[in-house]
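Okay, got some structures for you below.
Both complexes below contain subunit A, partnered by subunit B and then by subunit C.
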Partner chain A sequence: MSKKLLKSLNIAALALPAIASQASTIVDSVELGVRYTKYQEDSMSAADVSTGSLDRYDIDVMQFSFVAPLTDNIQLNLHYQEEDLSGASPWFTTKNADGEVVEVMSGATIEENRKDVIAQLTYAGSNFSVSGLVGISRENDYEANSFGTAVSYELPGKLTTIALAGDISFDKINPTPYEASNGTNTRVTDEEKESWSLHLSTSHVVNKSLIAQVGVGAINREGYLSDPYKLVNVPGTGLSGDSRPDTRFATTASGRIRYFIDSIDSAIHFDYRYYNDDWGINSHTFDIAEYFNIGYGFQLVPSLRYYTQSEAFFYENYYEQQRADGYYATDSRLSSFGAITLGLKVNWQTEHWFWTAGYQRYTSKNSYSLFDYSAESLSLVSFSMFTVGVDYKF
Partner chain B sequence: MLNSIKITLFCIFALSLSACSHVQPWEKGNLAKKEMAWEPDAMQATVDAQAYASKESSRGGYGSAGGGCGCN
Partner chain C sequence: MPIKLYRYQFSAMGSPCTLRFYHANEIQARGIYQSAVDEVKRLEDKYSRYLDSSLLSQINKNAGTQKTAIDAETASLLVYAEQAYQISDGLFDITTGVLRKVWDFKAAKIPSQQKIDNQLSLVDWSLVEWDQKSILLPQKGMEIDFGGIVKEYAADAVATLLKRFDIKHGVIDLGGDIHVIGPDIDGKSWQIGIRDPNYKKSKDKNPSKNLNKASAYIPMSSGGLASSGDYERNFIVNGKKYSHILNPKTGWPALGLSAVSIWSEQTIIAGTIATISMLKQDQGIAWLKELEIPFFAMDNKDKLYKS
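And then the complex of A and B:
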């Protein structure tokens, strides 16, 4: 198997120039920031893999940020991100000689690079803000051009802010060709995907230590939504391309709280998100973090995240029968599972500098799910992320 | 339809929060602290959201969902 024979589009998922629906204020001086993140997935268990590499993704992420006030009312945000990925990816499931379902991995190390630029302009008045955003992401097999906008309005009294954000993205997908034994390319070419999203939120200052936000959103995706690098063992047909519906509509509802506790000089964060889409995915996400100020400008931030989702209506770990609708996917990300993330971060802030270093550990299992699941997925991932960074404010 | 009803009720509850507070501008010192922002570290939040969106089947929720996602 050649080095670039099997690549995943997963890294392209690291391109989400989302635009937040919240009130904007103009910074009073130029701010520069840089972050380095090491993302490393655990290896597959040898007992679960039929053939191919056990090593999964290892990604180096560099981020650069530039924020500047252009006038008293206008702010420019620039963000550049570059990622280098290497590793192997689950390809398809099959059965071994004992009749057990096992995973076939891509055989060689995948090498991939992605570059992403986001530019945003914001105009802020006394009680409102308007912003526009352009995002460009490039890989050799995936291009995305996205545009976003957001408006926010502070109600009289300046305790409540209503915000609306939206974006649209045009993606082009050109997977690396895969030559079958007869020399023909079995992968799709020149596929396209379009997506848009809207998000409406309201934030409210409840008291001098508590602010709360709730929001609702809609996300629509159309076009090629399958994974061109995955295959499925279809009964009676053999190995076929991953096949999913070409539309997907989702709604979200969320709530967030920030509460400052004077007695221990710390801020507690609580976030909840509900997600539902017409592929049958329902999910709940809970995030909690506490920012402890421990003196001399240092801050300790432990965090806990719990995520759980139901499985897509067409997902199977291994298909025993043909489906009437023709949809097939054994991608574990469509299974019912739960995930727990534990994190710890240390921040140090002075008048001009902000230093940060953090570690997160993500573990996912079918047994962590609050929803029923049909079978254990073999390729659910666990990973570690280590981030260091610094900001300078002039 | 059931989800829409839930979301609507959720919004009504949310908006009802706005009717009962009296915080003066000079009392907003704690609220202005960096650690009280929705995302105190926007770059870290971006990487986190991207990692989760690539390994899970959900996205968005706290703003627009963003483009350029090839996480099929």
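And then the complex of A and C:
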């Protein structure tokens, strides 16, 4: 009987407004953000190019974000991004008079504009959250529609969180036609690509200075996975379209550590990711960043990333013989290489404002690879990236 | 950014208050602390019986004359008080406060039965006319107060607020009304001290030694903890202790238990149950056992009881 009375008291307590509102991870006010990024690839070396512009891509990126609580439990995130790209890109490889492999760059300067919109709704309960998102991406030659969902659950004790996320994307590829000398379009039209990914992770507060996360994932891509703007010199056939397998399945494993050092008021982030796919590409990514709080709301974040991958089983810098499977690609992104990114970021936070400015320098080389490589790829990219941004929280 | 334990002290509702929680950003932590103080002050401004401008004082001033309009929050506090009245068979009565006018704890004098009886005629929650929109205390001189409810409610309200800011490890202490959000960041329980009921007695003997001494530490990783006891305000006549916890039926202080601490999901419930068990006097311990609620109690012979 008494227990029943206690229950009636509990019901009355839970009806009290300041208690009744659900605990959640929903933002408590509207947040607006804007970022500008300038991405600039280094020019090709003249010695490596037989014809075409040496200049590579320059990309200007504007990003706008809007986050708002719709109710105590529901949050809306909107993200809009617009990219303007110009420059030339490696087209195919050939041999010069001395028998050295050289790169032919795409003739005219490419001008592209891409717009992306992502809308996400999140529902948060006291120990779980569920979210769904829709993404649309438009370019004159490419469109993608994607859908994603994620759930996370906090185990009792609140020290361990388990999260599962998945997405699916439907892409249409309609490259700008290229008229060969005989007047016909040598490029593909109306190609399609479908991809999905799944990611399962768990994060755990180990102790007051250590948080660890481990995750596994799978990515599947199907359809037209070649690069419609690249050509390959195929022995006995001549210039042909870049041709890759029409399925690609990858698995990933990752670990993250956040280590807090009270004495110098800073945090070390260490991330590692392993990737393996059935094109024969294995990769390791190591990320280390240190977040120094230097007072007055300022934060300094130096970072270092090392990436290395093995080459795709069909990749060659230049094909000397035909392949039985018919796959050809000289795209340097499929070669064995390593890359180092050095970064420095400054953040400044006040009650309502968050300012950020950062610089990154990315350098990739075949010789940085931990894996074997058959020949130097001429078109491995190096770039600089500069970002400034501000968020305002109402 | 590194997660750090932030600790803030402030004074509200006539008590020292402490807020402790882990956060990664000092500026945001400060903002959250400010919101917490604002929330406690909001409830104090609305429900303090010491502030003439409070809604509670308004209700009391209008006693015997006119209805006072109330908002949804006040109405749900009245619903809660009604439930507490019901489950305690009328022992938890928010109109009891007027008895303090005859029990002068500073003077340490037992009032005459005549005086007590006169005041008792103003104590009866069942006579109060109230609904979702208004309240009327039917007789002039009647008063309600949310002592034993509102400070506890404020602790719960601050807990809700901190959770909304995604805080997962923290302790709210509003003058001994505690609400704990999650364990300490290393996964271990917080050790919450409950005050020694003999604090005053021992202080006379050796003030420095027992000043902040807790009689027990209760490990907590969630929920509310509230205590009630005769150590807060009392006086002794002929070896008998008269506490400030007054029985609305007899008009006399409750005897039997000297201290009770209750654990419950919500601090407000812990506070209500602690008060009722004090008022139940000798039956208090048996009643707590029947409720199967976690408790820690001491009777007036310094004997300890645990659930």
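In the analysis below, the second predicted complex is superposed on the first by the 370 of 394 C-alpha atoms of A that agree within 3 Å, B and C clash if a C-alpha of one lies under 4 Å from a C-alpha of the other, contacts with A are read in each partner's own complex, and residues count from 1 in each chain.
FYI, a residue touches a chain if its C-beta (ideal position, glycine included) is under 8 Å from a C-beta of that chain, and two chains touch if they have at least 3 such contacts.
Given the structure is predicted, the values throughout are model-derived calculations rather than measurements.
Chemist: Determine, under the contact definition given at the top, whether A:344 touches first (subunit B), second (subunit C), both, or neither.
Modeler: Once the two structures are laid over each other on A, A:344 reaches no partner at all.
Chemist: Classify the contacts of A:253 with the two partner chains as first (subunit B alone), second (subunit C alone), both, or neither.
Modeler: first
Chemist: Answer with first, second, both or neither: which of subunit B and subunit C does A:271 touch in the superposed model?
Modeler: In the superposed model, A:271 contacts subunit B only, not subunit C.
Chemist: Is A:62 touching the first partner subunit B, the second partner subunit C, both, or neither of them?
Modeler: neither
Chemist: With both complexes superposed on chain A, which partner does A:30 reach: first (subunit B), second (subunit C), both or neither?
Modeler: A:30 contacts neither subunit B nor subunit C.
Chemist: Which partner chains sit in contact with A:291 here, subunit B, subunit C, both or neither? Use first/second/both/neither.
Modeler: Both: A:291 reaches subunit B and subunit C.
Chemist: Does subunit A have more residues touched by subunit B or by subunit C?
Modeler: After superposing on chain A, more of subunit A is contacted by B.
Chemist: Is A:225 in contact with subunit B, with subunit C, with both, or with neither (first, second, both, neither)?
Modeler: first
Chemist: Can you list the residues of subunit A that touch subunit B in one structure and subunit C in the other?
Modeler: Residues 9-19, 21, 158-159, 205, 207-209, 260, 262, 266-267, 291, 293, 299, 349, which sit in both footprints.
Chemist: Which positions of subunit A touch subunit B when the two form their complex?
Modeler: 9-22, 33, 35, 37, 39, 61, 63, 65, 79, 81, 116, 135, 137, 139, 142, 144-148, 150, 155, 158-160, 165-171, 173, 195, 197-199, 201-202, 204-209, 211-217, 219, 224-228, 242, 244, 250-256, 258, 260, 262, 266-267, 271, 273-277, 279, 281, 283, 285, 291, 293, 299, 307, 309, 312, 333-334, 339, 345, 349, 356, 358, 360, 362, 364, 381, 383, 385, 387, 389
Chemist: Would you pull the subunit A residues touching subunit C in the complex into a rising list?
Modeler: Touching subunit C from subunit A are residues 2-3, 5-6, 8-19, 21, 23-26, 28, 72, 126, 157-159, 205, 207-209, 260-262, 265-267, 291, 293, 297, 299, 349-351.
Chemist: Using the touch definition up top, name the residues of subunit C that touch subunit A in the complex.
Modeler: Result: residues 1-4, 22, 25-28, 31, 39, 43, 72-73, 76-77, 79-80, 82-84, 86-87, 153-154, 156-157, 160-161, 163-166, 168-169, 182-187, 221, 265-266, 268-269, 272-273, 287, 290-293 of subunit C touch subunit A.
Chemist: In the complex, go through subunit B and note every residue touching subunit A.
Modeler: So the residues of subunit B in touch with subunit A come to 3-4, 6-7, 10-11, 13-15, 17-18, 21, 23, 25, 27-31, 33-44, 46-72.
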